[in-house]
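Next, two complexes with chain A in common: one pairs it with chain B, the other with chain C.
On to the complex of A and B.
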């Protein structure tokens, strides 16, 4: 099956929730919609499911227009961010309900529910009521109910966001395996870049109701089309330095200049933004060609295996992500190092001009 | 057990509240002569004659039957009308929804006496006068708005996603409503039924005016006990005790949800 969204707008009152969305999804594909909160991810999923109607544009299955077709007549499954189960039904009957409504034979239902529950490790809980389960188990039940029927469109709206860290990682890996075995269209939304990249497949980057970029996850990560995409796609967001390029050198401010060679060669003179990811900034020199920059520490966050040092350079905030524990006092002067070949170059409007070479990205 | 000042105050308050009820129960087990003649904290000559009189005299016990009939009718009508209405108010946005919702409640703000004349005249005309359904319908005027408000509160506490999940799973609306949704708001339905029952049970003015013989409520019977032999105090007291029992039974079932009901389901 193929599923396409064409020219979809969604306005509620005076606010625009979605603007000009065009997407085409093929069956068997895994699609991750990445965007911050209020990017319109949930609105888009609801329109895809048929729960809401777009203000303009339409959705089509296999080329057949299904805009406004009741969700009951569509073959979709959806998992919400909140744990939504039928409180009065046991886990078994929760999972079985789509099958029962489809008129499946009792023995088949038992077998199907059993196998899906086993995949999600809730087969020992089938007799319980949802409120007797932990949050993770409740969400597993909701996911099982979505997986049990062969929906051609499987929508998951930030399914793991309300779970604790450990459980999230565990379920994420399981989900990736489960999705890869299905030939339905899977659409998964998340705010977390690492989750999006880990699930892989197609990535759709959304921001303020618009789709900014689509493509294979690795490709989008390697070549973000704009500063905004690059910011959404890494956590902490990509660092951006205001840079002036003349005939021979790029001036990063504070009298620091780098020659235009490598992937910088031949850059037309003008104003640019140079982007560099936090894990490509170091507190110590890694390579003779590294350049040294100076700034003052504003905050040092230590999370155990890594330290995030926040500072301001040339009027813009920067974050250095360094492995290990590094104590830095607030307002302490630090120098940090960056390799010019790691720079992403964006023009003044934020569009990507050059990306680092493949092995450097 | 240590008794502190706070407990003593509470006990005094409880005694103060219970005194009239105790006195009523006390009187119901006495003969009218004892009630009028002596001051007794417990019945000197314990008698069940008053209760026997009520359960054997059809003009008495029919009062209870009439009351229960129209109260139950009213509760059923109110709930079956209010359930879909409350669902609509809680789930859909439509033109004038908020105004209509508030207008419903304003029906409770006018005194019943205002509606007395129109109801009386109307029922006389259409031949509903002195029937149980007449009283039940008249009481809907107060109970339907209240039921809608209470149920709407309970229903709005149920996440909309449950409805959507059910529709995605393929439930038809009636099937979803009866098998999934109603069980979720059953506490609300219980509380609503209690409030409908209570208001209809204690309402006297409309019930008395709209009936004469066939559907005369117990409260009306109780106001007409003066006979040639004077006032039947014992019988009246026994009738009073019996009037309180149905309410007490209903309260028992919804005791855990009462506070939420008084807050119109919005806690």
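On to the complex of A and C.
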């Protein structure tokens, strides 16, 4: 099946939730919608499911328009942030509920529920009530209910947010394998870049109700179309330095300049933004061609086994990701190093001009 | 053993002990004390053992009042709970209408109980009351709550429904509002009917508040006193004499303190027992469904 959304807008009152969305999804594809909160991810999913109608534009399945077709007549399944299960039904009956409503024979239901439950490792819990399960198990039940009906469109709206870190990692890996074995269209929304990259497949980056970029996840990561995409797609967000380019050099401010060679060669003179991911900034020289910058520590936060050092350089906030756990004093002077080859070059409006070469990205 | 040396900490429990003693234990024990004595005059009582209990339990008037009370409470519950749920389901879920509806609904709850009785006296009088005159004159049905036991009974039941259904509505409404939107969407995607949404989402999600509603309404209706006292005074005959009124007549009207005390304790135990039964039944209801 193919599923396409063309020129979809969604406005409620005077507010625009979605603007000019165009997407084409093929069956068997895995699609991740990445965007911050309020980017319009949920609104888009609701429109795809048929729970809401777009204010403008249309939705087509296999080329047939289904914009006004009610959700009951569409073959979709959805998983939510909250763990949505029927409270008074056992896990078995919860998973079986879509099949029962579809009028399937009892023996078939039992077999289908059994196999889906086994895939999600909840086959030993079939007799329990949802309230007797842990959060992870409740969400597994909800996912099982969505998987069991073999919907051609499977929508997951940030399904793992309400789970703790460990469970999230575990379920994420499992989901990736489950999705890859299905030939339905899977659409998965998330706010976390790492989750989006880990699930892979097609990536749709959304921001303020618009689709900024679509493509294979790795490609989008390597070649973000704009500063905003690059910011959404890395955590901590990509660092951006205001840069002035003249005939021969790029001036990063503070009297620091780099020659225009490598992928910088031939840049037209003017104002640019040079972007570099925080894990490409180092506190020690890695290479003779690294350039050295100076700033003062504003905040150092320890995140897992890394330390994020926040600073301001040339009027712009900057984060250096340092391996290992370190204590940093506030206002301590630090120098850090960057290789010019790692720079992303964006023009004044934020559109990508040049990306680092493949092996450097 | 060192930690037992200093027992001063026990003094910290003393205030609570005193409060509980004066608020609950001593009054209750006074009642227990009265229930086993025949009081001739203040300070002069004879120990009579379980005699009052025996007498009260064999009193046919009490049996009647008890039966009347049970029928009354169950009638009121059987109407108020489903009606409350139904009204709660039809209330709007957002916008200014919510506040308007809730304020209107809460009005009967804000009226003092004896005023409720008075309102209904005025409302139902066959000669001047709006309801009384309407029923008699316009509908042509003979209605007189002061003379006809059935009319009187119905009036008390309807008054209670008017007075207390809003409480059930408010509780159910709170329960309904707590259900995340995602549940309804999920049901829609599953293709569930309106009835299935009620049966498998709304009702189970309201179980907690419904239990509170049933218990509160049961206990209150089982102890009802003020409104029928004002409206009918327990009459005509004994047709609206419920347990509380029976008890009051016995204790204050006839000054039979012994039997009244014995009866109070029985009354208390009956409410405790029935509440416990309700609680157990409702708690297990949801679990039974799953099987």
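The working rule: the second predicted complex is superposed on the first by the 360 of 361 C-alpha atoms of A that agree within 3 Å, B and C clash if a C-alpha of one lies under 4 Å from a C-alpha of the other, contacts with A are read in each partner's own complex, and residues count from 1 in each chain.
We adopt the following convention: a contact is a pair of C-beta atoms (placed from the backbone, for glycine too) under 8 Å apart; a residue touches a chain by one contact, two chains touch by 3 or more.
On a predicted model such as this, the values are computed, not experimentally measured, just so you know.
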{"item": "Clash or fit (per the criteria above) of chain B with chain C on chain A", "value": "clash"}
{"item": "Chain B versus chain C as contact partner of A:129, first or second or both or neither", "value": "second"}
{"item": "Contacts of A:67 with chain B and chain C, given as first, second, both or neither", "value": "neither"}
{"item": "First (chain B), second (chain C), both or neither touched by A:314", "value": "neither"}
{"item": "Which superposed partner A:101 touches (first chain B, second chain C, both, neither)", "value": "both"}
{"item": "Partner chain in contact with A:16 - chain B first, chain C second, else both or neither", "value": "neither"}
{"item": "Partner chain in contact with A:88 - chain B first, chain C second, else both or neither", "value": "both"}
{"item": "Partner chain(s) touched by A:80 [first = chain B, second = chain C, both, neither]", "value": "both"}
{"item": "First, second, both or neither for A:51, with chain B first and chain C second", "value": "both"}
{"item": "Stretch in clash, chain C with chain B, out of 3-11, 39-47 or 165-173", "value": "165-173"}
{"item": "Where chain A meets both chain C and chain B, residue numbers", "value": "49, 51, 71-72, 76-78, 80, 82, 84, 86-89, 97-98, 101-102, 142, 145"}
{"item": "In the complex with chain A, residue positions of chain C that touch it", "value": "180, 182-183, 185-186, 188-192, 196, 200-201, 203-205, 286-287, 289-291"}
{"item": "Complex interface listing, chain A residues touching chain C", "value": "46, 49, 51, 71-72, 76-78, 80-82, 84, 86-90, 93, 97-98, 101-102, 129, 142, 145"}
{"item": "Chain B partner contacts - residues on chain A that touch it in the complex", "value": "49, 51, 70-72, 76-78, 80, 82, 84, 86-89, 97-98, 101-102, 142, 145, 149"}
{"item": "Footprint of chain A on chain B - complex, ascending", "value": "159, 161-162, 164-172, 180, 183-184"}
